[in-house]
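To start, the structure under review is shown below, and the notes come after it.
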Amino acid sequence: MEYKPVKTFDELAVKSLDDFVYGIAPHPVTAKNGMVIGGGTVYPEINLTLPPMNINESTMPEVRRQYAEMIEGILKRAKSLYAPGIIVEVELLPETTMTPQWGIEINKILRDKMYEYENKYGLKSLLRCTPNDTREIVRPPLMRRGELLENMFTTFEKCAEDGADILSIESTGGKEVHDEGLVTCDIRKVVFALGVLGVRDMRFLWSRIVEIAGRTGSIAGGDTACGFANTALALAEQEMIPRVFAAVDRVATIPRSLVAFEMGATGPDKDCGYEGPYMKAIAGVPISMEGKTAACAHLSAVGNIAACVCDMWSNESVQNVKLLSAPAPVVSTEQLIYDCRLMNEAAADGREFALKMRDWLADSDSSLDPQAYVLRPDVVLEISGELVKEKDPFLATKKAAALAVEVIKRGVEKGELNLSAREKKWLDIISSQLETIPDDEEKFWFELQKELDLNKWRPEEYDLEVAAAKAASAK
Amino acid sequence: MEYKPVKTFDELAVKSLDDFVYGIAPHPVTAKNGMVIGGGTVYPEINLTLPPMNINESTMPEVRRQYAEMIEGILKRAKSLYAPGIIVEVELLPETTMTPQWGIEINKILRDKMYEYENKYGLKSLLRCTPNDTREIVRPPLMRRGELLENMFTTFEKCAEDGADILSIESTGGKEVHDEGLVTCDIRKVVFALGVLGVRDMRFLWSRIVEIAGRTGSIAGGDTACGFANTALALAEQEMIPRVFAAVDRVATIPRSLVAFEMGATGPDKDCGYEGPYMKAIAGVPISMEGKTAACAHLSAVGNIAACVCDMWSNESVQNVKLLSAPAPVVSTEQLIYDCRLMNEAAADGREFALKMRDWLADSDSSLDPQAYVLRPDVVLEISGELVKEKDPFLATKKAAALAVEVIKRGVEKGELNLSAREKKWLDIISSQLETIPDDEEKFWFELQKELDLNKWRPEEYDLEVAAAKAASAK
Amino acid sequence: MAGFEDLSQAVLEGDEARVVEVTKSLLDSGVDPLDVINKGLITGMDRVGVLFKNNEMFVPEVLMSAKAMNAGVEVVKEKQQAFDMPSLGKVVIGTVRGDLHDIGKNLVAMMMESSGFTVYNLGVDIEPAKFVEAVKEYRPDIVAMSALLTTTMMNMKETIDALKEAGLKDKVKVIIGGAPITQEFADEIGADGYAPDAASATELCKQLVEGREKVGVPA
Amino acid sequence: MAGFEDLSQAVLEGDEARVVEVTKSLLDSGVDPLDVINKGLITGMDRVGVLFKNNEMFVPEVLMSAKAMNAGVEVVKEKQQAFDMPSLGKVVIGTVRGDLHDIGKNLVAMMMESSGFTVYNLGVDIEPAKFVEAVKEYRPDIVAMSALLTTTMMNMKETIDALKEAGLKDKVKVIIGGAPITQEFADEIGADGYAPDAASATELCKQLVEGREKVGVPA
């Protein structure tokens, strides 16, 4: 079966650098309660999760208590600080996705309390529900069939019916191959994982999610390359792999993450995709981003620049552990609200000042790390402009990686980006690896399958045939 | 014995609103390693403390391990993020102040690692050592004698000798009376606690700390009204007391906290004094401040505005607990560094833009809470200008409280500050309480002593005589 | 003529003079003193409790209401010598060994008193043995402990253990509070309850005394 | 003539061709094969280990060095059939039940192999019983477990308990790691060690095998 895109992006949605700013998206999204994302205001998006504990039938009462406590604390703080509105994201865990009943209960606990605060105190809020991509729990995973998949879709559907405003996922199609590519810094495997496997899987997945959203009246948000480029980011922060590799990997995720919008999603894109600015530039959708205020969830080199064109500002994820002041979700809520206040205050002074703030956020990070450099608004528009010329997502992925290398090299030459010698060396290694990738997807698959561990994933789940490989190895 | 101020402040150090901005202080402070505070750059100040645990001989190995782990994580992150410099504050706990040997060891673990990072990687850093005011551990406390006091001074002295760059304290003279004043919202007791007891105690204490700093070559930082106005702030956040009372209390702490500088301290003032901007305006000293990024330690209504004239930016205090990404002190370090980057980036664009950033920080909070309103740079200069006209600290304290009420009332009238009806009511209550305070300090003491619980504190420790009271009550 | 509603409103407003006036007028017109207390004064304080719990009253306002109510009770007592104000129960409260932070603890004590509990405030830095002694002496329904420091919260367990050893743990309910305290910690050390703030602490005490077994409670 | 220093440098640079060339030339000129291994190849990998630990080499670079070293070892083996590369010890590694995150665990396995350990990588989502089985089968010096989720970390204790029950806990050292793991947690569940990252994990294994009692270790 074919999963055909319903939209293609032939030109940039953001027409000029002066139109590329936080709080404003070319295609704002309006929720049922009237909140508009990308319509001028940056909203906080607070994510909450359980402290270390087991999840099973016997601990479910405690699980419910935890979520009830967290949402009450968050909303109370948002009310005290006069938040103009707030988005709450619940990333369901594997257990609470696999047993839809549990995820549905949690979703309801949160949504009901949010309705209560909206009705009682006028605090507007939206719930983003992000089921876990539980398909990866069996290895090699079944991507398009089986109980795990059906339970995941049930969770989506019932949570949406119960009032989840925005549906999102961090899908994992191609992750097994990408992991291998990361550890060995093999850009060939990375391009294949993202541009072939990721794209094919997201087309399948998002045709269904968009359909569920349409039927239930919720919003199809987006799908970040979290399991991919954020793994690279984390490895780079631990100095396990070069930062330039992580930067190139990030840019290479663009065609993959764009698939959600080609299949009909509208945004707001999910927080943990640092490729978000590219989504906004190309598809015009509002985006959630995360940076310094998500340091509780992961350290990064893009703490400020991540904010510069965001429409929502997130803490990524925080456990319900007690800090000196309050539980961590309440602490994150407060921090996000103040961050948003500052951005919105500058914007209220006029577009020129929003652009100033944007540039300070960008310039304060962009010279220090290639992962920050590729998020510069001008760089985003430049690379995006090249990518919309390329129709084929596999070729676009290869092109994205090549453009990233090129832009980073130029940045170093122009003195806009500082790179150590050992980082620079890797730009050449990546370049020469990229040159070995053929332009024919079938041919590439034929070449690569010999190098891949097929015990970890199933080509047929991506409409790929292994026969050729077997024939080849039988020669 | 008299403890005479060595300086008086007859006029404002900050001459105009356009000179009142973050990163720049009238009297910058230069440390031994060349770092300049208040000379143009805002630096992060990271505070670190132990997770929940007992501190005794048998747990000291674990205590050492904790501090060693924290400082390594902090410095490593600061280095990875290319911090231009960093200040580390250790607030010693009661146990590690009462047993000077322990505090000294901790101080040395931190300082040695900081030297190592400076020598190896060029990461400049300063250590602020803040012994605990352990005098309050016996009730009623001995303020000017006894083993607790001597051990506290020993801790100061030895830590300074071992390289602590900045000495600070959150002194508690008058706290017992202030606590009573807060719970009952009695501004008379508050003014007495701050303007009489606090001032007298700080004169005694700071004559000694300044002397130690001079002898050891370290910097006498400052002394916040943390135990006073931050308790009020916390009670107001919990909606236990009116926010206007907390705001008035804050302004009333100015003459008390100024004593450190009258006695010869030079700043940087300590982070947890939200009265810091007043110190900078009047004494010209650089100040450390804390706001949204200290939400881990306490929630507040001044998350952004607190930053608008800071010279260092702090997380207040964070325990060594593990978050999803990293231990909490590392998380705070990252957040502070990004906050500072943004402020410094805007300032690098020119003074006009630093002022824009300052105003956005201020305006984003100031209309929402009276505690934020009294931190507006223009309000700070206005009130400070009035206070330098008053030589007597008791009268200045009374005047400060009255000015705060006046300014808040005017702010409400001008539509610059939103206050609920139940908050407004308290402005009048405070006003009429203030009017009952006589201008004669002795007379006030005579009046008040009947209402005070003398089992909790000792008047003679503040050079006050109770005989009059006894005589009076015997009548 | 002013009625119970006026009296309860005067308590709510903390208007001491008016409380005294209305109480006198009710008694003078022959209303049963117990009704004055229950339908007027205590009803007023109950309304205060609800507002405080909902963050609609400040602590000093609650204290003024309590003071006004007490003035009313005094008037009743003057009229009827034998009268004793009913107590909701007895609470022994203190901060644990090593902890000097009494503002939160005092707040809780005040709120409990305002709500009708008899409170024995032991003060700060209370040794486990002292808690045990106080339980023997005052025979409270509840022992309330607070700690502000993560280094002192560990001493709560010691106190509970001391109560156990003295055979008193089953005769009282132990509740704890303070900035670093969590429900998990309370469960871990065997406390009977935890309250995150002064309003909830009072609420919690009410629940605990309602739930207590009448038999076996020291009286 | 190229010497040990050249060989070790070629390993450090991950220059496989050069390693093969220098190894051959050393052997041809009559150098003792054990010296080629110890003074050339292993010395090179030891330098790699130090640089990696200090964040001065990336993982793919370490892997290239390991590959280059192995190529050198192969050359030695060709010359001297009976030769066996010395192993630092045996490690059984896997993620615990319920945990599918293998990238970190694979990194650790790779780094250990590069450092000279013999590694049995069981994969992901490993039941306690499977760990026990692997210990019986491979008789490792060390069992290494990882978990990325706070919900799965609890299964580490189960695995340790299963090893105890099978009477194997004293015969191996158990080490754990993963994002949510702390030293405190390791102590709590009775693990013998904890490592915060791949470099430290390898380091920790070296310390543990050096410290093991020679008697009683299954071989």
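Letters are used for the chains, namely A, B, C and D, taken in the order the chains are written, and counting of residues starts over at 1 for each.
As a working rule, a contact is a pair of C-beta atoms (placed from the backbone, for glycine too) under 8 Å apart; a residue touches a chain by one contact, two chains touch by 3 or more.
None of the values given here were measured: they were computed from a predicted structure.
At the far end from subunit A, in terms of centres built from Cα atoms, lies C.
Our note on geometry: subunit C versus subunit D, Cα centroid distance of 62 Å, whole angstroms.
Spacing of subunit A relative to subunit B, judged by their CA centroids, is 41 angstrom. If you average the Cα atoms of subunit A and of subunit C, the two centres end up 51 Å apart.
Counting partner chains per residue, subunit C shows two or more touched chains at residues 180.
Shown for subunit B are the residues that touch two or more other chains, namely 319, 324-325. Viewed as a contact network, the protein chains fit none of the simple shapes, being neither a path, a ring, a star nor fully connected. Applying the touch definition to every pair of chains gives A-B, A-C, A-D, B-C, B-D. Taken in their complex, subunit D has these residues touching subunit A: 55-56, 58-60, 63, 98, 100, 102-103, 106-107, 110, 123-125, 149-151, 153-154, 180, 197-198. Contacts from subunit A toward subunit B in the complex involve residues 77, 80-82, 237, 291-293, 295-299, 301, 303-304, 317-319, 321, 323-326, 328, 330-331, 334-335, 337-339, 341-342, 344-346, 349, 353, 356-357, 360-361, 363-365, 368.
The residues of subunit A lying in touch with subunit C in their complex are 322, 324-325. Touching subunit D in their complex are the following residues of subunit A: 50-55, 93-95, 136-137, 139, 179, 182-186, 231, 235, 238-242, 319, 422, 426. On the subunit D side of its complex with subunit B, the touching residues are 179-180, 182.
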